[in-house]
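Heads up, the next two complexes both have chain A, just with different partners, chain B and then chain C.
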Partner chain A sequence: MKVTINRWNAVSTWHWDHAQEELCGICRVAFEGTCPTCKYPGDDCPLIIGECKHAFHMHCLLKWLTTESSKGLCPMCRRKFKTATD
Partner chain B sequence: MSRPVNPWLASKGLLYDIVFQSADRQSDAQLLQHHEDSARIATADWQLVTAWMMPQTMLHSPGSTVMEATVRLRQRNLMDRLLNWYIDAVRSHFALHGLPAIKNPNIPGILSDLDSVGNGVKRVLATLCDASRHYMFPISFLYIDNTNKVDRLARTRFRHSLNAMIDIALSDHEFQLMAHMLVEHHLASCGKQDDNEMVDDQGEAQRLAFLAEIREQIDMLEVQDRMERIVAEVYHKFMPRYISQKYVRIWEQERSVEPLMVELKNLIYGPISRCISALIRRDEFLEARLYELATECLVKLGIEEMFDIVIYFPDSMPALGYLRTCLKTQEHRAQLVTAFQNACQARLLHCGANTSDIISFYMSTIRAFKLLEPRGVLLDKVSRSIRRYLRDREDTVKCIVNGMLDVEDPNTGDLSELSKELASASSTQNVSSADDNDYSDMNWVPDPVDAAPDFRNKRSSDFIGSLLSLYDNKEVFVKEIVVVLANRLLDLSNYEIEREMMHLELLKVLFGEADLHNCDVMVKDILESKRVDANIHDPTTVASGTYPVADVVHASMLSRLFWPAFRDDGLVLPPFIEEQLNRYSAKFSILKSARKLMWLKRLGSVDVTLELEDRTLDFTVSPDRASLIYLFQERPTYTIDELKARLSMDETATRRAVGFWIKNDVLKEDETCSDRYILLERAEETKKKVLLDDAAESSVQTAEEKATEEMRIYWSYINGMLTNIPALPIDRIQSFLKMLIPKEVGYSRNLDELRDFLTVMVAEEKLEYVSGNYRLKK
Partner chain C sequence: MSRSRRIAKEMQDAQADPQSGIRLEMVSESDISHLKGYFEGPPGTPYEGGHYQVDIEIPSDYPFKPPRMKFDTKVYHPNISSQTGAICLDILKDTWSPVLTLKASLISLQSLLTSPEPSNPQDAEVAKHYMADRRGFDNTARYWAKVYAGADGGASATATTPAKTPDVFELYGIDRDSVKAFESMGFDQQRIVEVMRRIGIKKVGADGVEDRILEELLK
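After this line comes the complex of A and B, so read on.
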């Protein structure tokens, strides 16, 4: 017998690969979910990762950085927040 | 004074005493002689007159002697007595000769033939007419003076006693029978008449003439009352029979039913009215009363048939038409509701009926009753029991959602009507949101008196709305929609989702955008997958260090938080496919930086072609089945344990996959060794196979499973509760949970959900259920 596979429709779920934690530290929603202002996850609501390795929804972090009290610090470790370069 | 006077006494000379009874007080010696003389004369006169009066065969006018004797009797005030005597004489004569004369010896023979029944009736009446003429004859000579009060009274008295005799004669059972048959026969021929009107015109004239003759006799006998009663009785029996014969299941009869009420009215105002008024006295309301009775019968018929009317809706529209016209009284409305509810209980609302059938019946009910009564009060009443029953059915939601999404599922039946309704309703729905609190509506009328206290005028005939309002919140539907849609999207093989998008848009109108947000994301995932998939297969994008992905492999990439929880227990795919999937995810990670794919290997679908020695077969199967048959390329036999190990599947799933291939005659079980399967390179005539049923398995968790999963957060509370109090009934647990669980966590489950969850816990052997109480298993 010979089995020929004509078409294989596979199903997968996508995940962010370098998040250490499950939830965004600011909005407490899973990374694979969306920040409170977005409707669609993934491309529309990307992550941002700092040099300190802390990850957030990008929209959440940008909003945090615009507030007075943030002083440009990472909300988790209070170091200066800089986007990881790799 | 009322002592009987009879001819025999008189003839024996005892009359003397009797005649002078009234004069006893005047027993004056002087008068005695005179009295004796006149008494002798009186006795002679009396005998003369009574001899003439005695009923006899031949009538002859009284001679002058008789008349003179009468004058003398009148002077002596004996006329009253004479009348009493005569009445008695007539009675005995009638009993002796009259009654036997009207008895017909041949009743059974007559009853079988309608013509002789007519003649029989006529003969009886004729005999009675004769008799009454005979008996009246002497009266008409003796009591003739109209100015004399005594004479008039006497005539009336005699007439009364004569009537009484006739009445007794007519209440004879046999006569009654004949009269009933006669009237019935005539009514029936009126009913038949409308079929061939032309031919029967002459027949009707004949019949009417015949009835007129009878009427004459009746008038003469003054027994119209009796005849009216007979006619009324017959009509009351005749009409229901006629109606139910003619109008039963009217939608099944091949005749134009449009002018149904007109036809009935014509019949009653025409032939029947003519026939009846030929027979009895009539007044101006006769036809109206007859017609009212007929409509009453129609309503009764309609009430009995209501269940069938709904079943055959919309073919049964004509029946609804007449029911609508005739259904006026509160009593009928109440009867209709009760009869319909009883029929529902007996014929529909039991476990033998499919949920989809009940739902489509409910839809017909809504339509039919809305036609019957646009206000919807009746509908509100009759649908209560159906709705209550539907709420208790487990698969109601599933059926409705499948119907709305137009999913073909052998388990839930066909409700595609719902999706059509959804498409047509959504365009009009927003416009017709009638508000009950429109205070400026000058045409407002109060609800009918039989409306239930909590009756609210619901959306006009919109049964999607009615179905959705079965449950207090729409959440159950949303959950089910998510599950059904997820299954649909995963079953697609080429990212074609136009139909799903259309359905989703329609559903959004019903449920609101926010509730179906998940569905939006799911649809977008598939669209995005299509784009990414095209990109991955694009030969121009091959980056260094990656290999092109074989054309056969395509993937859906899902945002896992927005889909229902998946069932995926892992599976070992054919090595070739595993390799391709790795390449696929590598390319994905390049395309979408910082993201990776996790494969749900059991999900999806595979098109395979099997080339066997004598045949080539095409299948579209699930990945586990494809992987399993792929293994048989290496060698033709496997045991179930080997298959389990190679595929890393559990036994149930493996057996199910094997079962599929056995059913399709690709594999067979080894007859010498059970649990060992052989590839059939050549097709065999196989004997009947007993197999596991091949129910399509949902790839996502169902709503109930999900609910149970979510209940697990309350387990620690239940556990703690049962540690303190060893055994508790379910309603105590429920009330404790409501009390104990802090607001932040929240507890909003109902008793049924809790029971489901506790049942699962019992199955997992964490709890015991003993005599109505739950307790911890030690």
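After this line comes the complex of A and C, so read on.
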């Protein structure tokens, strides 16, 4: 039997390489979605992961860290938030 | 609008979890920044059986700023104003975190009822009562739960006035016999209760207290 492929559609999915939680604790939107100010998910709205291993949409966390009440702490564990280096 | 999306999500989540005993409702369909929260008084406390209503105002920079909460139902508790319902709770002030939710805040209020912090009071008079006479405090708190929060089938959660005329002695935790003693001197009961409340005395017994009340009554 000989099959001739006339047309094909490729479909793929993606997710961030971070499996601990699914939602950003700040905006409660999926990590694979966007923070409330972005339109397109992915590289435009990346995640940030702390040394404490807690992850957020980067934009959400930066907004929190600019508030005075944050005192620079991770919203989850209240340790000083430092971006993980690797 | 990040805020309204998150609030809508939180309301959905609370609805999907009736086991938590926490209920959230909008005051008006058109305003997502003003909600009412409801929960039951925790068992094993003077508030057991009471239905509590909390007024929730959500600031425009929520969840980066905490929601503003106060009790609509009158509560007799060291960290809650017996007059205004204002609440003294750290997570609603300087230890707020944006990962906290309305549900989590209401659960914290519920546990505040279980564990008062009289050393950091919102209502100094109530805190004094709590520290000086724990049994008397429990009785008054239980009585308030009955008349204002509907424990034992009393008033409804929305009542700001009691279902029946409350007993002033029970309501303010003031000793009945102490008031009777002044009444027999010819003073008006209402006036005696008013004076004792004002100077923060629940019972006559300690030296000088009787004179102080008399002095006030004779003014």
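Rule of thumb we're sticking to: the second predicted complex is superposed on the first by the 76 of 86 C-alpha atoms of A that agree within 3 Å, B and C clash if a C-alpha of one lies under 4 Å from a C-alpha of the other, contacts with A are read in each partner's own complex, and residues count from 1 in each chain.
Here is the rule we go by: a residue touches a chain if its C-beta (ideal position, glycine included) is under 8 Å from a C-beta of that chain, and two chains touch if they have at least 3 such contacts.
The shown structure was predicted, so the numbers you read here are calculated from the model rather than taken from an experiment.
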{"item": "First, second, both or neither for A:69, with chain B first and chain C second", "value": "second"}
{"item": "Which superposed partner A:43 touches (first chain B, second chain C, both, neither)", "value": "first"}
{"item": "Touched partner set for A:10, first chain B, second chain C, both or neither", "value": "first"}
{"item": "Chain B versus chain C as contact partner of A:30, first or second or both or neither", "value": "first"}
{"item": "Chain C versus chain B, contacts on chain A by residue", "value": "B"}
{"item": "Chain B versus chain C as contact partner of A:2, first or second or both or neither", "value": "first"}
{"item": "Touching both chain B and chain C, residues of chain A", "value": "none"}
{"item": "Chain B-touching residues of chain A, taken from the complex the two chains share", "value": "1-18, 30, 32-33, 39-43, 47, 49"}
{"item": "Residue ranges of chain C touching chain A (in the complex, touch as defined)", "value": "1-2, 5-6, 9-10, 61, 63-65, 94-99"}
{"item": "List of chain B residues in touch with chain A within their complex", "value": "490, 492-493, 517, 520-521, 524, 528, 552-563, 566, 574, 576-577, 580-581, 584-585, 588-589, 592, 594-601, 603-613, 623, 626, 629-630, 632-633, 636, 679, 681"}
{"item": "Parts of chain A lying in touch with chain C, wherever the complex brings them together", "value": "25-29, 35-37, 60, 63-64, 67, 69-70, 73, 75-76, 78"}
